[in-house]
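Per-chain residue numbering starts at 1, and chain names A, B and C are given in the order in which the chains are listed.
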Amino acid sequence: MSDNLFHEIEQDERSRVAERVAAEALIVDVDGYEGPLDLLLTLSRTQKVDLRKISILQLAEQYLKFVEKARELRIELAADYLVMAAWLAFLKSRLLLPPDPSEDGPSGEELAAHLAFQLERLQAMRDVAARLMARSRLGRDFFARGIPETMERVRKVTYTATLLDLMQGYARIRTKDEFRPYALDRESIFSLEEALERMRSLIGFAGDWMDISSYMPKGFGTDPAKRRSATASTFAAALELAKEGKLEIKQSEVFAPIQVRRRKEEDGR
Amino acid sequence: MSETGPQDDQSEATLSPEDAGTEEEARGESLFEAPPIAEQERMVEAILFASAEPVTVNELNARMPHGSDAAEALVYLKKRYEGRGVALAKVGDAWVFRTAPDLGFLMQRETVETRKLSRAAIETLAIIAYHQPVTRAEIEEIRGVSVSRGTIDQLLEMEWIRFGRRKMTPGRPITFVVTQDFLAHFGLESARDLPGLKELRAAGLLDNRPPPSSMPGLPDGEDDEDDGAGIAAEDQGDMFEA
Amino acid sequence: MSETGPQDDQSEATLSPEDAGTEEEARGESLFEAPPIAEQERMVEAILFASAEPVTVNELNARMPHGSDAAEALVYLKKRYEGRGVALAKVGDAWVFRTAPDLGFLMQRETVETRKLSRAAIETLAIIAYHQPVTRAEIEEIRGVSVSRGTIDQLLEMEWIRFGRRKMTPGRPITFVVTQDFLAHFGLESARDLPGLKELRAAGLLDNRPPPSSMPGLPDGEDDEDDGAGIAAEDQGDMFEA
């Protein structure tokens, strides 16, 4: 670092103090800086000139001093700050020394110009970001419809069938017809309820023993199916009435006719 | 913008006489002057638009600058939206913007779903096609189960069957016949083109499944209803069969 | 009113260009004539009022009766709402009703608390908006610092940025662009309307000026290939071309 430059800056005591305060503030807040470019941009504000007219050389000085100070204060600087410091030191030497014709690459002025461009561009981005955020904003300054209507989905169902479905359906029915399942034939059935009813109404007259077959309903004696049904239900009805105590049953021997008669009141007592 | 907006003098009309004095004073200090009614109308419009629920007149007044008369602004706003695509509606004592009733169709998206006819409907339809004109009692006799009103209604609605003339039997029951739509759908020129029993058998359609209800004693007379309870167990599997 | 039924698509399809004249006439007396423009205006009004999100002209046309011209109806509708409490706003090629910005003060109640964006996020967002399509490396070059994943993720999550197409440079890095939600949020019709965009461009500050060699770059990390996987090479379009 050139002593000359240090002297230059030190000449202005007030600015030196101001800078020291600024530098300390910078160091205290170093975490708040978003990288070396951000720091350079902040430092450049002390020059109080248009970014386009900024002295990159002076900026490089300021930056290097900042890094120096940070080292004195034993503040660990991130690698990219140090990379920038090294590069700025290189840039400074390029800007101060006469160009070496043997060296390739961009001149110090070109490098400085690009750095200035970067700073200007970053500043510009910050400015427009601020303008953007200051715009009228949805949900803060202007508002969307509060009760939006949702598109209602109307589901319309149509039914369809093929000719095959139709024929299979019909076939199913006709098949069912041909293989008619077993079903009770109500006409040839004499139910227990019917038998009970019949016996209840007739029993009052049966003071004497009578063959149970005389209680069979008319028309159920000839057809075997009907007879079976009527016999069974009449017998069951007789048992039921006997259980109720209204009727007595007797059979003289196995397979002999079954006889019934009304149970006499006095017998019960 | 405020062609229709009446001027503030109208808002005075709503003031009770005893308010007049203080109002006059307040008016002198323009700071507390209520905005012109046209402006109030805009405010009501914006609040009702953005609010997530209907807003009462009291709420409107509370949110608008001091001295505003939301009720009056609402009268003008309602008028402004008359015949428009949206309309001001009152819900209880709150106000809200609603789509004009005649434009409700714009808020719907129709999706058409095609389903297979139920087995009950197919069988009923088949019987009508093969036996037309046929009464409901006859359909039930042939199917061996009762036919629900819903099944008949569905077929009527699809316009695959229609009422035929009444039968000249006691009770003069109505008959059903298949329609031209039915024939068109199934690619038939007339119902007579339907294959007969013999052809069904020849096509293997009569033998391709075990006889139904082959279990003895299965009560056969239950209502079969396609969408109801009491469906015979064997019916359930293939309501929408292919 | 809107039962337009099947359209005369067929006749249209078979028309050759020289039939245009007769077609015009036929259309005049067509049974399926589009509703009058005033009616179309009501429809657009109803649809837009019902939606909190911008609706494109195509979507409007799709929902309106055949033959409607939503774009034309929008012209009338926009005029009708000029200076009102709500106004028509354009976002990209979609339209939406919004409350007038000057009435924001009435809406305290509706204000949505948005997540506070960090300075890094705001800057990143601005860089993407003004430089789009832009790669992560370019964002880092402009900010002079690496961009944290969280920042990008946050912006993606807010749906203010999305992936654009890959850049035709080595490594084919993925780019970022701003979304329609971003435009809608900031009340921008298009990215061309970004504040100060013209001045920035005139000043050359939006030029992609590569740093001279030997400039300290950022540790040239691997490209975040992962982010870009599966992005359609869909046309991002250079938003600033026109």
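The definition used in the following text is that a contact is a pair of C-beta atoms (placed from the backbone, for glycine too) under 8 Å apart; a residue touches a chain by one contact, two chains touch by 3 or more.
If you're wondering where the values come from, they're calculated on a predicted model, not measured in any experiment.
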What chain lies closest to the overall centre, CA atoms only? A
Could you work out which chain's C-alpha centre is the most distant one from the centre of chain C? B
Any idea how many Å lie between the Cα centroids of chain B and chain C? 36
Approximate Å spacing (C-alpha centroids) for the pair chain A, chain B: 29
Touching two or more other chains in chain C are residues 49-50, 97, 99-100, 107, 110
Check each residue of chain A and list the ones that touch at least two other chains. 143-146, 149
Please output the residues of chain A touching chain C within their complex, sorted ascending. 34-38, 40, 80, 83-84, 86-87, 90, 105-106, 110-111, 114-115, 117-118, 120-122, 124-129, 131-133, 135-146, 148-149
Contact set on chain C toward chain A in their complex: 49-53, 96-101, 104, 107, 110-112, 114, 117, 119-120, 122-123, 125-127, 129-130, 142-146, 184-188, 194-197, 200, 203, 205, 209, 211-216, 218-219
For the complex, which residues does chain C have touching chain B? 1-2, 41-47, 49-50, 63-64, 82-86, 97, 99-100, 103, 106-110
Chain B partner contacts - residues on chain A that touch it in the complex: 143-147, 149, 151-163, 165-179, 181-183
